[in-house]
């Protein structure tokens, strides 16, 4: 079948691919500027303490040290990404009076090299008064718990309520009700490039920052808030970025401290967080206590669901408020619950703040929900896939009062997965296949950041040689958005991919865009680029129509650099010639198009949703509890596939990350201290542990998306933990409700089961 | 007290004076200026700093530079011959075996060393060959496919 | 941050020993440095003098003679793993090496360095103990040798005296009808052992267990030989019941800790499972031998 | 890190109690303790030396009795910081005495040891094992001291 597209759907090299395979790609980590200094940050060793005194005199005396700053050198403002709600802006970054977790910054040093800066940290004397601390959210909401932030009742940072239908009445009508508890663990992003920034204040008072970020615009705006500057005096550029996964769109300690130091010295200051700081003093996936109640009729119709969630917020709000909101919404996904109620509480604790991480609350809700669904299926004697089919979302469905689902391929995905499981036939002993369904949003509609700008915006400029330059505030953090946006631009203009250059993530030259989070760039930034390209195209077409003198009833189009009459492709003119003429005809002004996208009338969550079903096969060693991930097969639909190589990469990468979430990744703590802040101790799936992966792409078309495309990045992290849990149960009959599902937990559950069997 | 270090990097001889505590990765990045080699951890666990030392894959963050005195080093910058990418580099491009690209230099060096030593590795051997390198983006399988394609002879050394 | 130090790279054992005598406690010996440099980067170890023995050619060898195999201390893991004679005569040693850390680490790290680090979770020592290896230490005053199982004294503490270097690891000739097996339990394939078990069995008449050596890693402050468990099996015709009993006994002889990787109880349970499992595997290997 | 246990000994309760309260009894049970000196009747200061393989640490150590409920309950809190800034070490010990039948005293103890700073984070795998041992040795020392001093 020939595609109606020329560029979209092709297997292409990422436009920055050659730089990345030759080592010439420059990351913030690699930036070296003339006269540049190196910074290091001193952090609180106490989970909760008053700062009584900071003596920096000895540190300042060390040869090579150029500046030492503390909270006193700041304006004392507090940052928060929920800018519409001042009480949720609660992070000073450089603490002035009190530290709230082990890792909270208290001072920063700039010196001629990293070793000198580090030496200087040891010379800073901080006198603390340790305060009682609280680590578990269930403890923190007790009356007499220590207060993490003064005046916050029961340490409740924020709560969320979502409800539709008549839940209590519906439960009364159910034939069977299950109530289950789950615990979702923490997870670290482990970007290969740690947080880093080079901040450079000029003597003109303007700030230039190179940094590894998911949203240059957010960083620019938050700098403006914290430094009391006009945002146009701040230029933030994301270079090649060594991963983000949700960890890099708030103003972080590297960015802020580098700027404060540079402001004092008018010299560039570079701060690269150590791997230990990355684990202990950035942000992490939100740990959650989940209480789920699910009611069904005998025939498997799900009538009602109730979710109560308490999340471990850590010391600050960060993006955790959004995770609280989204976990509540996605607890209903991807099923048609006529009655649903959610109450979520985010609780402050004296631990590293929890925030956004790929999936953004949905991996938690999906693990709990999909585990419980399998339990319900067993109770009712219904096949788990059948139960999902019976209740699964369908196209053009409205989540009452919340969201409109347009395209939805969940049922096709279920069919495909069922087919592949059947094909596998009888499994070896102690193997099991578990299934989980999922869905996710294509960018959020909410605007707690309070941006006055469009959510996405792009400018396309056509140069005299016909090549197109795309300017977008979107950030390529490795997910390949620059390539996807270039493909969209090329397709819209009918030119080759190599005819498109992308300038992204630079607030100095690109229109604001909210950046790479919430799986928003393909749909939102993509729509903005498509519209900008379309505007250029219409200008070109004016000239082409004039030149060709075609009857005005005919439509013109461009394909492969050839402007022609639709239906009569042989009648046309060269795109490149027309561009030359057009620019000449416009008095030498390059052709420019602008595009933007802000969702309107699309409900409260997102303009579009992707869906999928995943089947994970495990093989369990029943004597030790150790199991291997054998295979993970995913039926996935994300609308029109723009960059198939990119989607495969997202999917397989998500399995590494989400498989780790299900199997081994965790951040155990002792009195607020993370016990495994190194890659040696934080267990990650490596190549020998990686399962076989198969992808079954399901064809759908999303009317809201550019060329019918929607999200394909984060949603893929949602199902794996649940699928693993269900697979372990299928294999050996033990159910673990407490992530991660480690061999030790499986072993203990097997022993427990054996004991019960003997007791009978 | 600084000491003399002589080594060849990508065929080019260098004579440097360094503090004994300098790690090989620091010499390559900060003294020689080859920033393709990355650092992703502080305890020899991530593999982003992998280079070839006398033909062997090693972690350049876990070797004192002086220990490499008189050795030949190849970094990611040394893989292409002029403007011709190596077979593995081309296979990585075709198979999307990189995303953020931060682990890619290390991955390429591990894979290159593997094939230099064992031109026909099995899939299991390929997995083992890159097991010392963490990639948080790709899930490894696209890297394994790229190496497999080179093993199958789908990418010839450029003339 | 690594401290500044003075660096020496002696080319002969004699030179190295003279330096060791000179600097005593103020110096650290580095070979592959795969463990030491991690500690130095954290600032936990900060010696004023470093003696790099990696370049001492006379300490890097694998020799096979009538008494068995001799491995020089600065031989890399990778050289052992790929050595044809090791693969042929001590396959368990080669196999253990393939699962020790990453290829990069094995290419540069050395067996002597690993053993001297004294990590109870290290892979080589349990295998060396099961194979009945002898370690030779050399100081300026001469040499001394001891069985591998006596080398570790406590967590990361060894019997090496100041001024001494570990110079050779000697493996006796494997007796006929002997099989050895090693495995480590871990959650991530290439990770350090949560528990490591090595077993060497010599079969006698009627497949009875004529001799057995069991070594446990990551199960106590040092690698240990659970001798009571060995005694249960030695001289007997091995049955499932005896194996289970040996596993139970070994788990009580062990003294594991609880940490973030596993609880003490889980480690004991793993020993119960793995001792019988590896004994069976060693017996199967013995039959093949 | 928590270590708990109990043992019994044949001795008068008051005698055990008095010995426990003697300056330095608890402090001197800390393995590696050197030069423990009384600052006042509730506080002792000194240094603690610990060595784990290649890592040597010297800590300035202070111990304070925070709860004294004669003759059955005592709580001591100790805190040390490593010379050179490598980290801090803290210890909390609770000893409860109970008279049981036959003129015996049951001594129940629990000891919590924790470390923060570079030592703890980077040396985690190494130091945790050691901390475990320190705790065990502490209780062993306590038991031995009590038995030898009070019974003997």
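A, B, C and D label the chains in the order they appear, each numbered from 1.
Quick note on the criterion: contacts are C-beta pairs under 8 Å (C-beta built on N, C-alpha and C of every residue); 3 or more make two chains touch, one makes a residue touch a chain.
None of these values were measured; they are calculated from a predicted model.
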Pair joined by the larger number of C-beta contacts - A-B, A-C: A-B
Distance between chain centroids, defined by C-alpha means - subunit A, subunit B (Å): 30
Chain centre separation (subunit A, subunit C; CA means) in Å: 44
Cα-centroid distance, subunit B relative to subunit D, in whole angstrom: 51
Geometric centre distance via CA averages, subunit D-subunit C, whole Å: 35
Of all residues in subunit D, the ones touching two or more other chains: 122, 124-125
Of all residues in subunit A, the ones touching two or more other chains: 276, 675-676, 678, 681, 684, 686, 688
Two or more partner chains touched - positions in subunit B: 42-44, 128, 131, 133
Which pairs of chains touch, using the document's own definition: A-B, A-C, A-D, B-C, C-D
Residues of subunit C defined as touching subunit D within the complex: 28, 36, 38-39, 42-45, 117-118, 120-121, 155-157, 221, 257, 259-260
Contacting residues of subunit B [partner subunit C, same complex]: 1, 3, 19-21, 23, 42-44, 47, 50, 53, 56-59, 62-64, 66-67, 69, 110, 113-114, 128-129, 131-133
Of subunit C, residues touching subunit B in the complex: 2-7, 9, 30, 33-34, 37-38, 41-42, 50, 52, 54-55, 78, 98, 101-105, 107-108, 189-190
Touch list for subunit D against partner subunit C, complex: 52-55, 86, 118-119, 122-126, 128-130, 132-133
Of all residues in subunit A, those that touch subunit B in their complex: 11, 13-14, 16-27, 29-30, 189-194, 240-243, 245, 274-276, 477-480, 645-646, 648-649, 651-657, 678-680, 684, 686-688, 690, 692-693
